[in-house]
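The following pair of complexes shares a single chain, subunit A, combined with subunit B in the former and subunit C in the latter.
Let's turn to the complex of A and B:
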């Protein structure tokens, strides 16, 4: 693309660095912003910058949060004895959307995959084990996609997480097999969390 | 089951080609290097979603083209099955059945059974164990799609386990719980595959001996024994026993990925002791037994692709093979040959409905029957 303006060119490059945005879309967005009132664009940019300045990981569950402890963890009405273990933040959103779950979460940040260079140390597994062993936790629910990597991760955590009185369960099978949790429709996902089953130890079925 | 027509676009040396098929016999006539085999490989690709020759998709696109497309219209139990493969090498590979893309390519395997017999099949006997495992896996996957799914799972877990062994060696930190996780995940599919292979050999053995007797005209005893450490030792015990060895070698040393078929003739290993003639008869018998087994156990009669085999076999074996083919029981057949007279003789011999195409530099032209 040939730009008459260095300013436009830089802005297009910035937008095009975002996932899912090609240079054509980036140009459309930039040209749109170029036609807006300067104050409106300032507000837009400030919202983005403010978000990044303020956002952090919840120090308990690793969900994204505005405060050191996220508002799910801080909500006294939620069942503190349940921890739902998920791969990513979007899984938290998907499960919250079902409205069927009133416990807490723990975001792993991925699944174990040596091929991708992701071992247990790269994930939030140690902090999960500390939470579960600190007392007050009755059940850890593994809401992890039933892929090979997901199975490995569930088995590994179940081996490490040996705390008295803590049960481990998995969400019902058959939801979006091989896919990701976030693609399961709300109803199925909600049902599968309600109808979770005790974890048997993996491997053979 | 048969193929009604197929269309190649930018596939190997074909820019754009449509072939209308006979439900019985189809002949592709032309000099070497003109593209006869590519037509057979296109059919194979439509049946199994990949090339018979294990070529990556990037080598299947016509030189200078950035995609290829194959379309085939099959008749299967009275239904029409339109299969389309759209491939942009390294970017996109899509396989459609009646306009519906498959979620996973592997779901297609087994719908349209196919067997290719090619002159370089002797690699089945002369190459390493992987060639024979591929033969087993190809046959079993076409028979039972669940076998293929187990195999895919097993291979994925195996890759992860090997990557873990390597990383643990690099970092010097052994993770027993994680190793155990992979062991447990290998057990289910590993045992299922072993059982399926064992059961398969029981059904395959007699067929193989029968085909060998016919092709070779010899009564000598041949054997094709399933060699797997799981025959004697349970898989979990094998994994346990090889834990130290795996750590040192940084890969999984025990499992069904090490299985082999021991081919022998008169009690001697085929690879070292057989004559060229015996070798050719043996691998031809392997293919014919594979065809027969698929034919018996699938609802659909497999498509048979014969690539240039009349040129590479001596007259005696050609005569016996033709005899077998004539006996009937074979479904739609595709033959390539370089020799017009020989091909005409074969066609006449068959006395079946046929079409003949002349293949020249990536263009096939139908030869009208006289």
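Let's turn to the complex of A and C:
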């Protein structure tokens, strides 16, 4: 692309360095910003810079946080005896959005994947074991994607995590609500038959 | 979406205010930036803020520019007797990308559209007339989209622009190079037959 403006060119390059943003999209965004009030654009830039300056990992659960301990870990109304283990912070948000969980989290930062060179040492597993063994925890819920790497990670953690009185569970797997059987993959459908649950009348379990 | 971090939430809102960026995409971008080096993110924010602080309209052609007169207008190697009239700055970039034009531009800032409340007074038409009448201009090329509004705009300008020795032309219209006749719209195909040009042997005209 041929820019007659160096300023536009640099801003386009900045946006185009973001994942999933090509140079055409970047140009569209920059031309939009060029038309906005200067104060609005300063605010945009400041929100981004401020975020990176202030953001850190929660020292307990490794979620992104504005403070040394994140809002969720610091909330006394949450059930401190439940730890939900997830791969990433997006999973925390997804589970929070359901409104169905009031315990704490532990963000692993990925799953064990020998192909991608991710071993247990690269993940936040040691701190999870320490949290579970420190007492006060009655259940560790594995909310990890049901892939080969995910299952390996669950298996590894379940072996390491030997703490008295701590149960390990995984989230329920099966056919999605509203999903049609004929379109479900064979593995999910097959396992959902093997792992069938007793029918308990009209409502959900 | 449920953010445990106010900083993330504000940065997501900032990105989600951009056109075509939803909250999920905004979150993806913010989480990407949260993982980058702080200096890289400062640079990103600074490139955006600096662009808006420094950018202005070229006082001659109304193209976006870092300086009072843009690089194109200020370039002595360009043909000062040709003015290509376009709707927006993206058209300038598109024509520059072809490498086929070495004259100057004039950015109207839109086309006459009574439905959208855009009249001649809202566009940079007066300054175009002044440029053409100031002398030294031999041709004004209308590179305006062939829509009803575009044609109206061309007609309006052609009536206003009465300067001795200044020719008015429009860019060639017809079937795209590489385009297949059967997929061309009727209007384009019909007009391309009416406005047929003599065949001049093997090369392009």
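Methods note: the second predicted complex is superposed on the first by the 174 of 205 C-alpha atoms of A that agree within 3 Å, B and C clash if a C-alpha of one lies under 4 Å from a C-alpha of the other, contacts with A are read in each partner's own complex, and residues count from 1 in each chain.
In the analysis below, a residue touches a chain if its C-beta (ideal position, glycine included) is under 8 Å from a C-beta of that chain, and two chains touch if they have at least 3 such contacts.
No experiment lies behind these values; they were computed from the predicted model shown.
*Asks:* Output check: A:148 vs subunit B and subunit C. Expected answer is one of first, second, both, neither. What do you get?
*Replies:* After superposing on A, A:148 lies in contact with subunit B but is clear of subunit C.
*Asks:* Can you tell me whether subunit B or subunit C touches more residues on subunit A?
*Replies:* So, of the two partners, C touches more residues of subunit A.
*Asks:* When the two structures are overlaid on chain A, which partner does A:156 contact: first (subunit B), second (subunit C), both, or neither?
*Replies:* After superposing on A, A:156 lies in contact with subunit B but is clear of subunit C.
*Asks:* Which holds for A:82: it touches subunit B only (first), subunit C only (second), both, or neither?
*Replies:* A:82 sits against neither subunit B nor subunit C.
*Asks:* One more residue to check, A:118. First (subunit B), second (subunit C), both or neither?
*Replies:* A:118: touches no partner chain.
*Asks:* Using the superposition on chain A described above, determine whether A:5 touches subunit B (first), subunit C (second), both, or neither.
*Replies:* second
*Asks:* Shared contact residues on subunit A, subunit B side and subunit C side combined as an intersection?
*Replies:* none
*Asks:* Any idea which subunit A residues touch subunit B in the complex?
*Replies:* Residue list for subunit A touching subunit B: 112-115, 117, 119-120, 148-149, 151-152, 155-156, 159-160, 178, 201-205.
*Asks:* Quick one: which bits of subunit B touch subunit A in the complex? Just the residue numbers, please.
*Replies:* Those in contact with subunit A are residues 104, 153, 156-157, 159-161, 163-164, 166-167, 175, 177-178, 180-185, 187-188.
*Asks:* Quick check on the complex: what are the subunit C residues that touch subunit A?
*Replies:* Touching subunit A from subunit C are residues 1-8, 10-11, 13-15, 17-21, 25, 27-34, 36, 38, 41-55, 63-66, 70-72, 89-90, 92-93, 96-97.
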